[in-house]
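Here it is, the structure, as structure tokens.
We call the chains A, B and C, going by the order they appear; numbering starts again at 1 in every chain.
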Amino acid sequence: MIEMPVSVGAGSLPAAGLVRSGARMHRERLVAWVLGLCAAISALLTVGIVLVLASETVGFFSQVSLWEFLTGTRWAPLFQEKSFGILPLLSGSVLVALGASVLALPLGVLSAIYLSEYATPGVRAVLKPLLEVLAGIPTVVYGYVALTLVTPALRALFPGIGVFNAASASVVVGIMILPTVMSLSEEAFRAVPRGLREAAFALGATKMEVATQVVVPAGLSGVLASFFLAISRALGETMAVTIAAGNSPNLTLNPLDAVQTMTAYIAQVGMGSPAAGTLEYRTLFAVGMTLFLLTLVMNVLGHWVRNRFREVIP
Amino acid sequence: MKREGAGGGGSGLEWGAGSRRRLARSRVFEVVTLFAALFGVLVLAVILGDILLDGARHLSGHFFTNYASRFPERAGIRAPLMGTLWLLGLTTLMAVPVSVGAAIYLEEYAPRNWATRAVRANIANLAGVPSIVYGILGLALFVRTLGLGGSLISGALTLSLLIMPIIILAAQEAIRAVPHGVREGAYALGASRWQVVRHQVLPLALPGIVSGAILAVSRAVGETAPLIMIGAMSFIAFTPESLGDPFTALPMQVFHWVSRPQEEFKGLAAAAIVVLLVLVLSMNAAAFVIRSRSRLEG
Amino acid sequence: MGMTPEYAGRGFRPHGLQSLRLTAGLAVLGLLGLLPACGPGSGEGLRGQVTIDGSSSTYPIAEAAAEEFQLLTPRVVVAVGRSGTRGGFERFCRGATDVATASRPITGAEDARCAANGIEYLELPVALDGLSLIVNPQNTFMDCLTVEELRRIWRPGSTVRTWRDVRAELPPVPIQLYGPGTDSGTFEFFTEAIVGEMGASRADFHASEDDNVLVRGLMGDRNSLGYFGFAYVAEYAGRLKLLGVDGGEGCVLPGAETVREGRYAPLSRRLFIYVNRASLQRPGTRAFMDYFMTHAPEFIPPSGLFTLPEPVYRDNLRLLERAAAAAEGEAGHD
């Protein structure tokens, strides 16, 4: 077998000694150049986002102390008695994301177990796409569902609950991220070699024992990765929380309270078309940068766990 | 999969009380996991059913031809529907070629050094950035710095930035799935790099690329947060005719109608959601069909 | 070297036609978006575009005017935004909009900014509003609040948490406060009128620039107290409870007469429209503004707001006429 280097750098020809026409060489170079430009644009994008966020964030922190931002417990940047502690917004986002995870993670993993261990191929072919539809539904639709279905139901269950509360948003965000957990976990479970299962069966294990004591631990890195990625998605969700969770930055752990998430704050201020250069405008970037970094960490963790701790290489 | 309880050995096994309990627990577990899987489907059915129930009565002909109105009976989605179609077209034209080109370059042309590895990692991370952060970027870059205002082109550019990483990732995956043997055979026959890409790699990767692109664009169509940030307006009763026009889109209209407490507007919101869902879900279905058909053949 | 397992599963070999079909499908998707561009292209009749942005209190009038005007003159398109009074001025003073709607007069700083950007404008009062205090209909013990009580509730650093903190004989039920956010002209007007300084307010309440959100909160929350423009009260009459305000002359409920006669104090206010003089050069904008001022008395009452006396609108029309003539004159001189 001849080892052909596939990518040795643009323009290098794999089979030396071949005579090529000048025109073709030009075309090759042009094509490579155009494609390289496309890649450069996307590389620019990665840098651009960070630059844009960072530049205004730096401006923000020239007016507000980083310590107050990170440790303050009151977020009131626009009122007279200004206060720039991000913790209420952070707690709002985390509260909603945690609530969503409580719903989505167990259900997602259990569904994945069903799909990979119990379902016949026919059932899986129907069930899996249906569950993925949940992921394709636009988020504003989930806001509608929160408003018309979930909040009234919650208010019937918990009479003291306010019109705006974190729990409503948690429920719909949980439904939204369920497919993420399910599909990544299922992928991890299916990658577990059959031999492992069969060995366990040979030892007299029940199906449940095989699933919970062999398959899930073997696919644990995939499950963990799905958790991180799903939580990252939950943190970044805007419309459902804007519609259902409210606009009061509240440092609370009670899901029945109204809260304001980082995303809802950004949306609220964005709708007011703030003037460039004002502190109000800059809060957008400070909060946006916080959100960006938080989801970035979650995503990187997710990918890292997935790649590094792969117990099973298919 | 082995039948429950039929592990290994044969008739010599004794099924004592402990084993029977484990067996029973296992059967309960199966039911539990089935319910978990069905829960998602049940929720989907409830959501779709509720939306259809609320919105069906508004889905008349004039719902599509009327513009928005302060009177629920007169309101229609002509402006947002046109806005969404505009955004769909512009975003596809701007994002897909550049993204696919970038993916081809990264997979076929780029040298494997730290720089390209960093770019690849960054693109993977970008795909996970919340859409509202792209909205902030769009506001700062397109609306303010470039002075494009809250116009159609600002919206399309912002959405294009949003979906570019997603398309690049999907295209990369599709290109990577093409086995090396195909390339090596072509090279051995003296083909140039571009010939290999164009005639060998791309045709095989095309279903994956196309389905990935369709999924990404369908995501752009359903996004609201970035459009809020760049300033899509509340009352638009006209079809945008140029790239600089103010605009609105289906998700924005749903958001506005949902925000109004009157019951009739809830029904309108539901009807608009139906239209949006038809659009988004049919694109998802198309992507699914393309991908699964490519798996069946060959 | 043969087939790797992936190949057997994935990929198919689309011959030329299939490959063409796939790319064609994607291209169709892209071109589908250009479909809207194929609209009526005839150029007769008045054409133009008017962009309006600003107060959510004034929004119902602007929306009504835009809708009715476009039914008559469909080629002049009117876009109405709801960024709030402050956001409206921000866009107006950098020339991004033709008209700014406001629920308070323009401030000195905003005027300076307009001047710095070369924006000259007309200030046109357009309606009257009674900023209303609202509680949930299930609230049976509140009917009236004095200005002093309001100030104590809403001032910065306020420690009022329950109704008993407001008035000793009231039950110790916690109050859920709802109000417009800091971008709202209503917020700025209220704080100036009640607390004495524009923008001076406690920060721990449900704030939203979207009055609909406030309405929803007040309708659903038994212990709520909130404020917004009368337009939203009128619209949801049965589901909200209106409170009277005692400005020193006894308890007064907002209504057409009390607001017009100034008895509903200090929360009666005028709503304004600011027009960019340069925009009046465009016939479409001029036609719209003329339509607005001529027909304002027709669509203001249904929106829940109150009309100003007839002469005001005539004055507005005259101002518009003069400004348009001046603009034309300038154009003629070029």
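Criterion: a residue touches a chain if its C-beta (ideal position, glycine included) is under 8 Å from a C-beta of that chain, and two chains touch if they have at least 3 such contacts.
The structure displayed is predicted, hence computed values, not measured ones.
Trainee: Please flag the chain sitting at the greatest distance from chain A, going by CA centroids.
Mentor: The most distant chain relative to chain A turns out to be C.
Trainee: Please state which pair of chains has more C-beta contact pairs than any other pair.
Mentor: Highest contact count belongs to chains A-B.
Trainee: What's the distance between the Cα centroids of chain A and chain B, rounded to whole Å?
Mentor: Centre-to-centre distance between chain A and chain B: 14 Å.
Trainee: Taking each chain's centre as the mean position of its Cα atoms, how many Å separate chain B from chain C?
Mentor: Chain centroid spacing, chain B to chain C, equals 33 Å.
Trainee: Quick one: chain A and chain C, Cα centre-to-centre, how many Å?
Mentor: 34
Trainee: Which residues of chain A are in contact with two or more other chains?
Mentor: 271, 273
Trainee: In chain B, what residues contact two or more other chains?
Mentor: 231, 259
Trainee: Would you mind listing the residues of chain C that make contact with two or more other chains?
Mentor: Residues 1, 53, 81-83, 210, 213, 216, 219.
Trainee: Which positions of chain B touch chain C when the two form their complex?
Mentor: These residues of chain B touch chain C: 67-70, 82, 85-93, 96, 149-150, 177-179, 181, 203-208, 210, 213-214, 217, 231, 233-241, 245-246, 259-262, 290, 293-298.
Trainee: If we count contacts the way the header does, which residues on chain C are in touch with chain A in the complex?
Mentor: So the residues of chain C in touch with chain A come to 1, 53, 81-84, 86-88, 90-91, 156-157, 176, 181-183, 197, 199-210, 213, 216-217, 219-221.
Trainee: Which residues, counting only chain A, touch chain B once they are in their complex?
Mentor: 2, 4, 6-10, 13-15, 18, 20, 24, 27-28, 31-32, 34-39, 41-43, 45-46, 48-49, 52-53, 56, 106-107, 110-111, 113-115, 117-119, 127, 129-134, 136-141, 143-145, 147-149, 175, 178-179, 182, 197-198, 201-209, 211-212, 229, 232-233, 235-239, 243, 263, 266-267, 270-271, 273, 276, 284-285, 288, 291-292, 295-296, 298-300, 303
Trainee: Over in the complex, which chain B residues touch chain A? Could you list them?
Mentor: Those in contact with chain A are residues 1-2, 4-9, 13, 19, 22-23, 25-26, 29-30, 32-34, 36-37, 39-41, 43-44, 46-47, 50-51, 54, 97-102, 104-112, 119, 122-126, 128-137, 139-141, 144, 161, 164-165, 168, 180, 183-184, 187-188, 190, 192-194, 215, 218-219, 221-225, 228-229, 231, 251, 254-255, 258-259, 266, 269-270, 273, 276-277, 280-281, 284, 288.
Trainee: Inside the complex, what are the residues of chain C that reach chain B?
Mentor: Contact set of chain C toward chain B: 1-4, 6-14, 19, 22-23, 25-26, 29-37, 39, 49, 51, 53, 59-60, 62-64, 66-67, 70, 74, 77-83, 96, 210, 212-213, 215-216, 219, 235-236.
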